[in-house]
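In what follows, chain A forms one complex with chain B and a second complex with chain C.
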Partner chain A sequence: MKSEPFVYHSPSSVEEVVSLMNEHDHAELVAGNQSLAIQMNNRLATPDHLIDLNGVDELAYVDERDGEIEIGAMTTHKTIANSDAIDRTVPILAEAAQQIAGPSVRNVGTLGGGIGEADPAGNYPTVLTALDATITITSESGDRDVGVDEFFIAYMMTEVGENEMITGATVPTDPFPIGRTGMSFLELKRVPHTWPKLSAAGIVRVDDPTRDDPTVEEARLTFANASDTPLRVEAAESAVEGTSLTDDALEEAAEIAMDSADPADEMQAEAEYKEEQVGIFTKRALREAYDRALDQ
Partner chain B sequence: MSMIFDGEFETHRAPDELWTYFVDPDIVADCAPGMEEMNRISDSEYEATITVGVGSVKPTFSVDATVLEMEEPEMLVMKAEGSGGRKGAFEAVSRMEMSESEDGGTILQWEAEANVSGIIASLGQRALGSVAERLIGQFFDCMEGKVEQGVDATPRMAPKSDAEADLD
Partner chain C sequence: MIDNTSDRPTQEITLTVNGNEITEEVEPRHKLSDFLRYRADETDVRVGCEHGACGACTVEVDGKNVKSCMLFAVQADGSEVLTSKALNDDDELGPIQEAFHENHALQCGFCTSGFIMATKELLEENPDPDREEIVEGLSDNICRCTGYVNIIKAVEDAADRIDTVSQATGDD
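After this line comes the complex of A and B, so read on.
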């Protein structure tokens, strides 16, 4: 099918986008258009106005500052995957971008689109949750910053309200000192270019990688598609913190993570299978993150 | 496609305190997510226009709601039929039960069985269930807020005598 008719707008600044949203009812923002077009062509989504963000150049940036890195909403997956600044400070984000779909999607798909879609299987929501990022939401009354833990509300439902737009994401980098931090992003995906059945993001910071059996100072563990929003398992993180990532600690973390998961059945992956995989991916992601923290 | 949603909600207010609010159609309409308009047909029947969204999918439904059973202050059963034009339709029977908790508050349990048809059904139970449960959570939070604020409530709903709690 083809979409229902709509009026197309092509603003060139955030200010213009915000005023267009206020001016028109039933308006939808479009970024890389890798998901919205499908829903429009199926006539599930029938906006009267389409506001195209591709002319808003001010939203495509990677800004590395002291203690944080900020990425604009219109930055493409490809740019994120190839960014030296991101690869150096928060490599897991570059890895996650590199694993989204195929090259044609990565060339146009954007960070803001991926966050706004809030698909439970999405890479960015899970990785940004592991990184404890902040999402900036902009409207006529200015910017407001929302922590990722509050941003994702339900399946494809976020904190973004009427006449608001996502303008960027900011990741604090202080918790991840280069040289003793390792990050890992793993997908359970049997076929390339599809959505993963499950993904895990693991981050480990050790005290001193040159010592024998370095101790985990801080760990992060999150999952995609293990629940209807990104799942962070803080109790599993605590289980490995203060240890040298022993098998026992990993086993305990895996048990806790499996208990916390509440995945949905899918045609090619039953809930029970995904739950089992949560345990396996807990161990793999934390192990890989730990090994990377030591190997620098 | 047939779906079952359910959930539980707790508050420190007693069931008989809450009851008045749940049977005041104006307060219910005020708290219902996406409610654009509601008209009273009788104390048992209401028609409403509701827009709810899953991402960029935002169907507007014309809803006919009927009160089927009422047992003050513990049980309320309603039926709703909604038509979203070309996007599809649903019919649902919801049952809400309130019981007093040990500390004098209320444990509210709800369950809804729905038949969803048309292209909205292609979103699947995973999406619709997640969003429905979240929206109902927002509804109960709002209702609790009304009770806490001490908003005036007038019990006006009445069960329809000959109605049945079955889906067609």
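After this line comes the complex of A and C, so read on.
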């Protein structure tokens, strides 16, 4: 099927995008066009104006600074998956990007698109929630930074308002010292090009990887598709903190995570099945993160 | 089909397709896949699902693969586009196409041009992929006939053929 007619705009700066959004009603921004095109082809989205961000070069960047790393909204999955700076500081983001669909989607799909779509099964919202990132939203009145915990409001709904755009995401790196931090992103899906039924992001920082049974100083645990929005289970994190990730601690974390999950039924994955998997993926993600923290 | 007989607004775009520069008026809602098939007459570009699931319409735009049903033609204005036809070796089959032919890596052939483009990008980035890397590299493409076994063999064979060619010509 073809989309409804629209007027196409191809700005080359954020300033131009902002003024186009203010000028035109019923406008949509298009980034990598790997989801919006489907919605437009099926006439689920019928914008009168399409504002293409692919000519806005200033939004494609990875900027590593002291204590944080900032990634531009138009940075592609492929760039994120292959970035040395991301792999060194927050490797879970590269691992998650590499698992999105296949190569031709990763060539063009973007960070900003994935954040803006806010699909509960999406990789970036869940990983950025684990990393406690900040999303930058830009409009005529300038930039505003919104923490991930406030950004994702409900099923496919975000803090981004009328005439606003996502311009980047910033991740604080101080909580994840290289050498004693491990991260793991795991997906449950039958074939690569579909959305995962469930995903888990686990991060573990230990006190000293060289001693016997290092202690978990800090843990992060989030899930995709276990709820309408990215689910962070802080009580499960607490259950493993201060332990050497014993089986008992993992078991407790898994029970807590399963209780916190509120997944929806979908074809090929009933809610009950997903809940059970939340427990299994809690253990796998935290175990892998812990092993990676020790193995460096 | 795409036509401009309606009064809907159009926009002039110029694309270089397999080396030929083509300027046409298109509606913004027309896909690159429409442009390639109906304006550039590159009917080796196949449209299967028209929503990014099957990969049959995969082409190279400015050096990287995209699903051409997921890109509006106006977005490709000024770009260089290659379809599977560009992999011909003069009028003969090129090494990737030859490998698909020799390994019976198709039955109906509808998906083949997409698989050939996926193979091209995979082997350019990784000239000697293992089986797992081949499966990952082809994961945007669906074949409903073969069960993929012969397609994977064809990619392994294509890697060997390209390796032989580059050794003979002294390329890397």
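What we mean here is this: the second predicted complex is superposed on the first by the 296 of 296 C-alpha atoms of A that agree within 3 Å, B and C clash if a C-alpha of one lies under 4 Å from a C-alpha of the other, contacts with A are read in each partner's own complex, and residues count from 1 in each chain.
Assume a contact is a pair of C-beta atoms (placed from the backbone, for glycine too) under 8 Å apart; a residue touches a chain by one contact, two chains touch by 3 or more.
Everything quoted here is computed from the prediction, not taken from an experiment.
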{"item": "Side-by-side fit of chain B and chain C on chain A, or clash", "value": "fit"}
{"item": "Partner chain(s) touched by A:37 [first = chain B, second = chain C, both, neither]", "value": "second"}
{"item": "Chain A-centred angle between chain C and chain B, computed on Cα centres after superposition, in steps of 10 °", "value": "110"}
{"item": "First (chain B), second (chain C), both or neither touched by A:155", "value": "first"}
{"item": "Touched partner set for A:101, first chain B, second chain C, both or neither", "value": "second"}
{"item": "Residues of chain A touched, compared between chain B and chain C (which is higher)", "value": "C"}
{"item": "First (chain B), second (chain C), both or neither touched by A:45", "value": "first"}
{"item": "Which of chain B and chain C A:243 touches, first, second, both or neither", "value": "neither"}
{"item": "Chain B and chain C, minimum CA distance [Å, superposed model]", "value": "15"}
{"item": "Intersection of the chain A residues that touch chain B with those that touch chain C", "value": "40, 42"}
{"item": "In the complex, chain C residues that touch chain A", "value": "8-9, 11, 27-31, 50-53, 55, 58, 64-67, 69-72, 74-75, 77, 118, 121-122, 136-141"}
{"item": "Of chain B, residues touching chain A in the complex", "value": "53-58, 86-87, 119-120, 122-123, 125-127, 129-131, 133-134"}
{"item": "Chain A residues within the chain C interface of the complex", "value": "1-8, 10, 33-34, 37-38, 40-42, 50, 52, 54, 101-105, 107-108, 191-193"}
{"item": "Interfacial residue positions of chain A with respect to chain B in the complex", "value": "26, 28, 36, 39-40, 42-47, 117-118, 120, 153-157, 228, 264-266"}
